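The following blocks contain the structures, represented as structure tokens.
In the two assemblies presented below, subunit A is common to both, partnered first by subunit B and then by subunit C.
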Partner chain A sequence: MAEPAYTVASDGETTGDEKSSFTFPEMAIGIDIGTSQCSVAVWNGSQVELLRNTRNQKMMRSYVTFKDDIPSGGVSSQLSHEQEMLSGAAIFNMKRLIGRVDTDPVVHASKNLPFLVQTLDIGVRPFIAALVNNVWRSTTPEEVLAIFLVELRAMAETQLKRPIRNVVLTIPVSFSRFQVTRIERACAMAGLHVLRLMPEPTAVALLYAQQQQQSGHENMGSGSERIALIFNMGAGYCDVALTATAGGVSQIKALAGNTIGGEDLLQNMMQHLLPDSENLFSRHGINEIKSMGILRVATQDAIHKLSSQTSVQIDVDLGNGLKICKVVDQHEFEEVNREVFEKCERLVHQCLRDAKIEIEDVSDVITVGGCSYIPKVKNLVTSIFKGKELYNGMNPLEAAVSGAALEGAVASGVSDPFGTLDLLTIQATPLAIGIRADGNNVVPVIPRNTTMPARREMTFTTVHDNQTESLIVVYEGEGKKVDENHLLGYFKIMGIPVAPKGVPEIDVCMDIDASNVLRVLAGVRMPGSPKPIIPVMEVRMPTVDDGHGWCAEALNKTYGSTLDLVMVQPKV
Partner chain B sequence: MFASSPTSFLSAVSFQPTTALKSSTPRNTSSTKFVASYSTKETKTPHFFATKMASSISLYEILGISTSASCHEIKTAYRKLARVCHPDVVAMNQKETSTNDFMKIHSAYLTLSNPEKRAQYDRETYNRPKWNISSSSLTSATIASMSGFPVYAHASRNWETDQCW
Partner chain C sequence: MSITLVPACLQSLPKPSDFHGHLKSNNPNRRWNQKCNGIRCCSSRAWNNSTTEKNYYELLGVSVDSNAQEIKEAYRKLQKKHHPDIAGQEGHEYTLMLNKAYGVLMKEDLRRDYDKSIGQMRLQFGRNNSSLGYSSWKGPFRPQALFVDGNACIGCRECVHHASNTFIMDEAFGSARVKLQYGDDDQNIEVSVDSCPVNCIHWVDAEELPVLEFLIQPQPKKGYGVFGGGWERPANVFTAAKSFNKQLKQQEATDFHQRKGRVVEEETPAQAEARANASMNIKMGKFLELWTWMKEALGENLK
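And now, the complex of A and B:
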């Protein structure tokens, strides 16, 4: 059964799953952990409501400050984020860093953040630390996220006057399953049980389905479906989804995602304003951190202003004799970030292609996320859809968390007498999952955009005569070669009967259930006999822990050729 | 849960026509019970991940539509079934069966909603003498969950009488 991977129960209660849908449950709340801002929402019986912190904010900055012994996060903290950033004690952007190894370009791009991110380029987790009283206090993205979630939980508990345990979280489309386990671990550390993890645009799709249902575009079951394209660009990630909606059911046709977002726009701008920043700040002393912080805040400000005005004056003293005095206009900003915007366009086209949907068939184009306020982002989406007007029924910052709250209510078994919760999102896999075979290739067993739950099977065979063992190495991603994909885990099947190469049939089956749990099954058959020779092995993935970059390399070096597999062409 | 051991997991997955004899299960039996008992009796699985459904039940029957259904009707039927059979909406104790059911419903939908695949399927199916309308976990689950659902009142094929139990 789908036991949560890390159930660190905060009390002696049941493990959430079993009990909840019979007796009326503790309803799950929706949380949108953004790279820059977080929000919490809950179904209040008639509609979705966003919770506010003690400062009456619905959007809370995602950061944690390490000071003295007690770290404090952006939920409750009274000081402004901007001030704390200058001291090197505030850690943020954890959603970008979580579950990544130090060879990852995203980690490298994080080195100019005003805290310490060190890389050794060997495929282990990066060294991340906050400067506390002149000492580097090491931490991990999971820890930072957990501290933050504890505060969110406390805030929600105070307001809803009940203990909170179940949550629905939104995640970027491009998150690997390994990153998902890190999010789950952070939740477990915070005493939260993840009921569902939804790719962000699919949460938006659920909200859209509800709006369609309510606006009476259709009555239940009329097959006239509306195709919507959802473009979601926040600070850390850009996601695109195509969904076909009718009767409150949203079928995800295709998902596409990438690690590009407001953070890239910001870094490109900082680079543009101060081309030598990498060298200037490489020492990571208290002064450099302060300068980096000031530059960051000033650039961020300028970008925000450029959403509503055509040019902006930047006038900032970074200390150490460094001053920036410059006028930047919208065109310059768009030129500096041309590559980022082009990537966004490609993502939309890829999604349309994958879903096999023509531009003319799209009924609604929805842009959400912080970056959807940027004129260039709106323009690039509308120009793809030939000037079509954007859907305006959603608050770009609240759409994802509202969808998560709806899913929280639906998945907790809450029903609504007016039928406002008769909703369903039929999810699709954002990334392909396959195994290593035919040398250093990855053969996808479940392709991307396969409707979940899913189960697929493929047959492989041995490459050597008398090969009695073979290694099933499971990867996730779109690359053809193993090193372009994320390693999820591996196991060995032993006891293959002695036979010439190509004779034993090794069946590999992958199964993803509705809660997105992946199981990999492998068994061996000999031709002519339908029965497995050895007991079928069933392994829940991912199995690897940190340092999987290293692990993959070692595995392929040591066993790459001896325990290899090749694909068997399907018989017609 | 029966899915915890590999053998029962696989047998719950498999979908063999040979088990048609067990079709005497009353219609109102919960689908979970039905498959659970089925999986304990059927411990040996001829093909060990029989993901393909038995050919004895037609894709049209899975979706509960007539063989002349329009594309629009197919989509509608699929959504209606999803609203009751998807694992996200069923009770916790039925997740396992509903997962299998939903995958069958989806694959039926995928074939029938694609004109080419549908035509090919029709050709292959009509070459058979007749469909052996066997009971299966799917039929029982679908019927159980669909009973009382208004759509079937005006569906062209009457399920209640077409089933041979």
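And now, the complex of A and C:
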């Protein structure tokens, strides 16, 4: 058998070899790490069951507090008061911070949180720290998440009385592959192996597929394909998916997501109640943190109340002579957050457009996530679908984790005699993946919403005469220009035969498997010969670690355009 | 930076053309299924070069004239068996092929191009085009179907008179035929069947219907100069159908033996049926001649 001379592999913590060497030794559990709340579910042999912690809670607050020597998370510890979480000692919202560089607007928005988020705005990871005994103790979102996952794992192991290793995690649609590796790293730190990462709405879609199959719609025969729109808005992210379901198979037609959620609503509202809060809290002194905590709790309460009543009285003493006394009504709340809601609407429209599905063809509209309790969110979705009634067969907070548990059982090879697990999700790629070519453009090789597993191939060629080397720089995202996208990695091809420009054919092939591992292959051919001139290179992506903003800049500085590629127009 | 170079075997270059060999060969840990050898990656180049590859219709186990709904169902059924979530990593290559095939066949324009490239004319008769001798169905599927033996029919128009939605007069052949199965209510159909003076309207098994309808259509005879030519159809369509089915089964058996090497899993009845349909279509080669001829004669309005 012909062996290629080189294998290029990233030494990242998640190699595919590791993944496939475990042929599902035990059933995976489903974990939904939310920006504000977490839950764990497992297939118990006949149905999905949510695990409860020692305080009998199914939903656990996602935070880790560094107050004592041993950090403890929201699974085991109990807050005496909501404000304790806001004392500066606890880190939360890690799902919003994970895998982001300090130029990201989301990181900047997190500066208003009681713990410390500092940025240098140069494209490196932000400095994050918790206040422990009057000292800022630095940490990372990965570490915080890992501590939290360790607690979740311990809880699941005590309850299920078996070791847990495999998990199915839900992630937001808009997560880049780099962020996904951060999540995987956190899992590795917690001793967990990620069997599948599911975009949240696709987990909901799987639950929907199961419900459809159970409810006997499928007995009608072949014509029972149902199209559902899933709108999932939690504290940190808003995701939309369109799925076509028949016979327990949920086929994801399109995905759309954005980093908007309850946290934005909360921050806008805080800003509205106390217009110069940003300046006030930027010092991060002990007193400021305390007032910020009080304001946050009061605002959160007010928003919760506005879901059931039309107006709410806010009466809060922030200390330092600052007092807020105000009546806020629903209309005011909606006006303050108009932009957020408009973004939500745009996501739904984009998803419908991408899937090429008309509003009339959608059989069910499902809203889940914490924000789905907000009347305005319900209204905006129903008004897009011309007053269609929302699907009410699901618990909005438990849908995603239940779907993850189902996927965990299916992907672990568990089968059920009653056919309840006769399910499948056919995933689609949430973001396009391409390489830099034609100058500073990104040419997508695998477009968005391609059915997974996917493999696509494209041919490129050199831009200079006698160019013997070229760079393959892989990006993820929807932007046309490189700086609008996430850099995933790069490698250099050497040994291109000396030839005039445009002659060598550089084939770039991308392969995504069902567990979402991306491999990029590149080979060089000369026209007329089917054989590669140099051994094919295979690189697992992403290869970049931190500071990816710098990488691209450094590449540009070192090589300029000398190693560029252009796309070859497909021959007709 | 996290890239390591692992020199493996410097002398031997990767053998055939492309990555696909590479993808399978160098990665024993990943357990790519070696049984899937017949299936390769996606590039159009690969398609043209290799004749051992399955075409998209065979891959999905559907007939060339199947509609979107049938393709969708077949695709889902196969996905449920081969998707890596269910079949493990071995299903990867196969699922890639399925996705590719599905992507092409579900898009009308891509499918047309593909049909052209494999040189297989898609027969757009039947279901939505009753003008070509095939009946369509109204309402749910029933085990029995109506069939007019055009040889026996004397063209009395009794049946058309009693059940005008179901039967139609084929002026070209001077005989009646079924346009729409169960197009009228049961009573009218009953009356029209009874009213036939030569008893040429038969109740047949629905499965047999396509074969009968195919055989009853006059086929062009091969001509030698001024001799011969013209049209013919089997004198007894029912016996002809029997022998046709027998041939079909034999063909299927040999096909199956040949395929055994490649396909490891058992096929579902639906796929077997679809395969039978496909090979029937191939056997209808003669019909293609007719089709081309008619297309020329009637211009593009058949489309």
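We adopt the following convention: the second predicted complex is superposed on the first by the 538 of 572 C-alpha atoms of A that agree within 3 Å, B and C clash if a C-alpha of one lies under 4 Å from a C-alpha of the other, contacts with A are read in each partner's own complex, and residues count from 1 in each chain.
By definition in this document, a contact is a pair of C-beta atoms (placed from the backbone, for glycine too) under 8 Å apart; a residue touches a chain by one contact, two chains touch by 3 or more.
Since the model is a prediction, treat every value here as computed from it, not as a measurement.
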item: Most subunit A residues touched (candidates subunit B, subunit C); value: C
item: Touching partner for A:491 - first (subunit B), second (subunit C), both, neither; value: second
item: First (subunit B), second (subunit C), both or neither touched by A:37; value: neither
item: Subunit B versus subunit C as contact partner of A:545, first or second or both or neither; value: second
item: Partner chain(s) touched by A:65 [first = subunit B, second = subunit C, both, neither]; value: neither
item: First (subunit B), second (subunit C), both or neither touched by A:277; value: neither
item: Residues on subunit A lying within both footprints (that of subunit B and that of subunit C); value: 1-2, 17, 20-21, 222-223, 225, 246-249, 251, 410-411, 413, 422, 424-426, 451, 453-457, 507, 509, 513-515, 521, 523, 530-532, 535-536, 538
item: Subunit C-touching residues of subunit A, taken from the complex the two chains share; value: 1-12, 16-17, 20-21, 23-24, 196, 222-223, 225, 246-249, 251, 407, 410-411, 413, 422, 424-426, 451-457, 491, 507, 509, 511, 513-515, 521, 523, 530-532, 535-536, 538-539, 543-545
item: Touching residues (chain side subunit A, partner subunit B) in the complex; value: 1-2, 17-18, 20-22, 221-225, 246-249, 251, 410-411, 413, 422, 424-426, 451, 453-457, 507, 509, 513-515, 521, 523, 525, 530-532, 535-538
item: Touching residues on subunit B, where the partner in the complex is subunit A; value: 1, 3-4, 6-7, 9-10, 13, 44, 46-49, 51, 72-73, 75-76, 79-80, 82-83, 86-89, 91-92, 95, 98-99, 102-103, 106, 151
item: Subunit A contact footprint on subunit C (complex, rising order); value: 1-10, 12-19, 21-23, 25-26, 29-31, 41-43, 45, 49, 69, 72-73, 76-77, 79-80, 83-86, 88-89, 91-92, 95-96, 99, 102-103
